[in-house]
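What follows is chain A paired twice: with chain B in the first complex and chain C in the second.
Up next is the complex of A and B:
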């Protein structure tokens, strides 16, 4: 393997790994805070890509107006998503019911996107352009690499750092964790579970919507973007269910495995990724990083 | 108590007979094909009913084992390996093969608990789909496997969708009876105890691991049977029949019908397979609305149509008993 090929595959793997990590982080926040396995995670990302794409191209909003509007709409979507799939079901007698509800929501979101935005693929204009208005690239060991990839890696790090700090360090984050660990006790000391769950859902959808915005320029914007979630699931499990650090490591591993698998077995790259997942499940079911709170979903 | 079972059994037999009579009157070949497809899915969904309904473990492996059954049949009966097996033998081998793979993978996957196990089966479906789609020598690659000869039962080849309908109906009834048997057997009660309280089950002497493995094998056998019959009926199979999406449709149809209701699951499979055909005009809106229906259903009737009916029946029975008391 030449260093050129290696560099390009490595950057590609890390970039996709970061995207998966953002999906995975949202997934874990939901599992930890509300105990729901969300099967609409990928569809929320897809909606994020569509919304930002529509704002940027159809309404041709400038970046400084587009991002806040997009974030507000993601937050509203998050609240709507919670009110639809979680709140009425929080006392469901059947524990699988909220999971199935997210599967229904996944259908609603993907078909809703087709109805609203049409089924033809859209292209997102590149975020980083050179003077000629084309995709900006730079040389790394002789391969051209788009700046977009580097932007994704940096932005994902920043976004995940902010969410992590918000969740682990801020007062609101402490409230969310308290509510996640013991609902009745949290209610007793005056934490409103409705508020903390709503905040968690908002945070998660904003994060995933942002991931959709980031990934849109290197993919085309189609409903099939939602399939990214399966690989994020794999990364989550590899990392250790419930641990955010572990999930990020796991997702990077999945991204790199996928990127390097394209060299020798391109059509089997899914098989390789999920074989790694199954191996991990069997050999180290607690994941790379063991979480302190058990699996609740 | 005994008499009540009698009534519901008579009702079930009547429903099946009416259904068979109704279908035999249908002229359109296509409609019969859709019904056959839904019956095929019902067989797989019964496997899920054993795993999820009785055992409380969500698995996505249904389509994977369907695929294994279908591809074994396809390889044995299309002559692409240079020989053809007698079709009933191939059917048995396919079912046994799916069961064997289910046993081996089940021993691995069911060491894991709840969500981990769900994800493992999800990964398994993805791995198999990718193999089905890409491995040319064993699975025909993207082109699939054509020219599968049809099933020959007692020297009589099953041809035409109507004849296939009876085969599928027989298979569904058979599988449904097995499920009912399991529900009332030691296995079913052990599974229910694991679902309701694992620690209590263990204290009562239930071997959690093996009980779940056996349930997984049962689900695998059902799925293998469905896949094999599908391959025989269509004469052609390809990887896109065995995707993760199909697996989640299976979960939805069994939840819609009522995960613990044997008759309900068949109804759920019929509804979910038929809706897109009946409402073709609605197109995109159909799946959109369908998603809402799934959510609302989880909110208002998580035990599905079957659960709703049995709740109503219980209420009716209680009212009758109370009313009888007043008269006397």
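Up next is the complex of A and C:
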């Protein structure tokens, strides 16, 4: 393997790992807040990509107008998603009902995307272009790397930092953590679980929609973008279920494994990734980072 | 009052059955919903154009031809249900799916019912089953593969290619046939330069990085869906790949070219049909093909695609078989299909001894230039 190839695969792996990490962060936030494993996470990313693509290409909105509008749309979608899949079922006698609801939502979102946006792939222009209007790249050890990849890595880091600051340094974040850890106690001291749950869903969908926006220029926007969630699931488990730090590390590992697996196993790279997952489950089931907070007795 | 109502009802039923007796219904399955609905629309357009032409000329054996299209959706189960529904409605023939997996799924039902089935998938396994009622109009992958290899070597001057294929059955077979022919021609393909990617893959950058880092002199690509092709082509363009590229049929489709934009330019393709046959050509093309394309563009305002030509030709194959048989009985039409000898819009159809019910005769080599796949050669392989 040449240094040129290594550099290209490494950057590709880290970029995809960061996308998976953003998906995984959303997954864990929802699990921690409401105990729901969201099977529609990938579809929400796909919808985010479609929405931003529609704003950017169909409506030709400039970036300074498109991003805030998109974030507001994502937040509203998050509330709608919560009201559709979680809130009516939160006290259902069948505890997995909200999880089943997300499976149904996944189908609704993917079919809905085809109805709303058509079945054909859509292209999203790159954010960083060169003087000729083409994709801007730079040279790294003799290989061309798109600036979009670096943008994704930086944007993902920023998003993770902001989420960290929200939960660790802000009052709203502490309210959300309190409600997630013990709902009845939180209600007793005046924290509205409707507010904190809604805020969590909004945050998750904004995060995942933003990830869809970042990934759209390097892929094409199709309903199959939702398949990215499988790798995010794998990264979440490898990193340590329940730990955001672990999920980030796990997803980076998944991204790099996927990239380097194409060298010898291009047709079976997914099999390689999930073999790694199985090995982790067998040898280190707690994941890379063991969560410090366990379930209450 | 009740007697009057009963009389009116009886009269309506009589008139309806009389009208039905004047009509023969040809069944068809097409993706009217789901991810393939755009090409499905072209498919149905081609069929409708043929049906209208036939009816304007007096129908078939004195009867008006009606078309009943059932939605095959985007999965085999829906395709199977659509076909079974048509069989149970008693249609004499069905214009089947252009997806090989859907065709394979219904072969058993076709054999049990004796319905004449025009299978428009390209996988040679469809005809290899030797189902007496299945007629394959496409150029099958075992013919296309060697032709692709020859075009790559002779036209694109590729002797050490990278090969990327969708890991679906038909494209895997196509890739194998390409590699076999390359070896026969004295240019064995290095397995380290062969890559597979599933149909739902959207991130090709790792594969592209390896292709760029290798010493290949060109790329050959076998894709199934336009979405896959678009994603790959655009990522290839972004990576700055500037070597010759040869692609399978889906790389010449109007839908792919319109979405991929500049990333589709200069791809050389082997495809049975090109809408750009109205311009100046370096080879002879059938007059029927030109008439079809002119009429299609006049009627629908857009160039056609392969699926439109296939749908159109299947309707005429049915018409001619029914007229030879002198009836709409399934067995009679099926027996008459064995005497097929017809120049259609998309190909020349005949029964050959080298295959079971595979009727095509030639294909086209094209290059995507200025937003359309322009044919530059006609390859007659039998």
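Convention: the second predicted complex is superposed on the first by the 293 of 297 C-alpha atoms of A that agree within 3 Å, B and C clash if a C-alpha of one lies under 4 Å from a C-alpha of the other, contacts with A are read in each partner's own complex, and residues count from 1 in each chain.
Note that a residue touches a chain if its C-beta (ideal position, glycine included) is under 8 Å from a C-beta of that chain, and two chains touch if they have at least 3 such contacts.
Predicted model, so just to flag it, every value in this text is computed and none were measured.
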item	value
Partner chain(s) touched by A:37 [first = chain B, second = chain C, both, neither]	first
A:267 touches, of chain B and chain C: first, second, both or neither?	both
Broader residue contact with chain A after superposition on the shared chain, chain B or chain C	B
Touched partner set for A:257, first chain B, second chain C, both or neither	neither
Which superposed partner A:277 touches (first chain B, second chain C, both, neither)	first
Partner chain(s) touched by A:223 [first = chain B, second = chain C, both, neither]	second
Chain B versus chain C as contact partner of A:123, first or second or both or neither	second
First, second, both or neither for A:114, with chain B first and chain C second	both
Footprint overlap on chain A, comparing chain B with chain C	114, 119, 267, 269-270
Contacting residues of chain B [partner chain A, same complex]	52, 56, 58, 108-109, 111-116, 118-120, 122-124, 126-127, 129-131, 133-134, 244, 248, 251-252, 255, 284-285, 287-288, 290-295, 297-299, 302-303
Contact set on chain A toward chain C in their complex	2, 4-5, 8-9, 12-13, 16, 114, 118-123, 126, 135, 137, 143-144, 146, 218-220, 222-225, 227, 258-260, 262-263, 266-267, 269-270
Interface residues, chain C side, partner chain A - complex	33-38, 167, 195-198, 200, 202-203, 205-207, 209-210, 212-213, 226-227, 230-231, 234-235, 237-240, 255, 259-261
Interface residues, chain A side, partner chain B - complex	31, 37, 39, 84-85, 88-89, 92-101, 103-112, 114-115, 119, 230, 233-234, 236-237, 241, 267-271, 273-275, 277-278, 281-282, 285, 295, 297
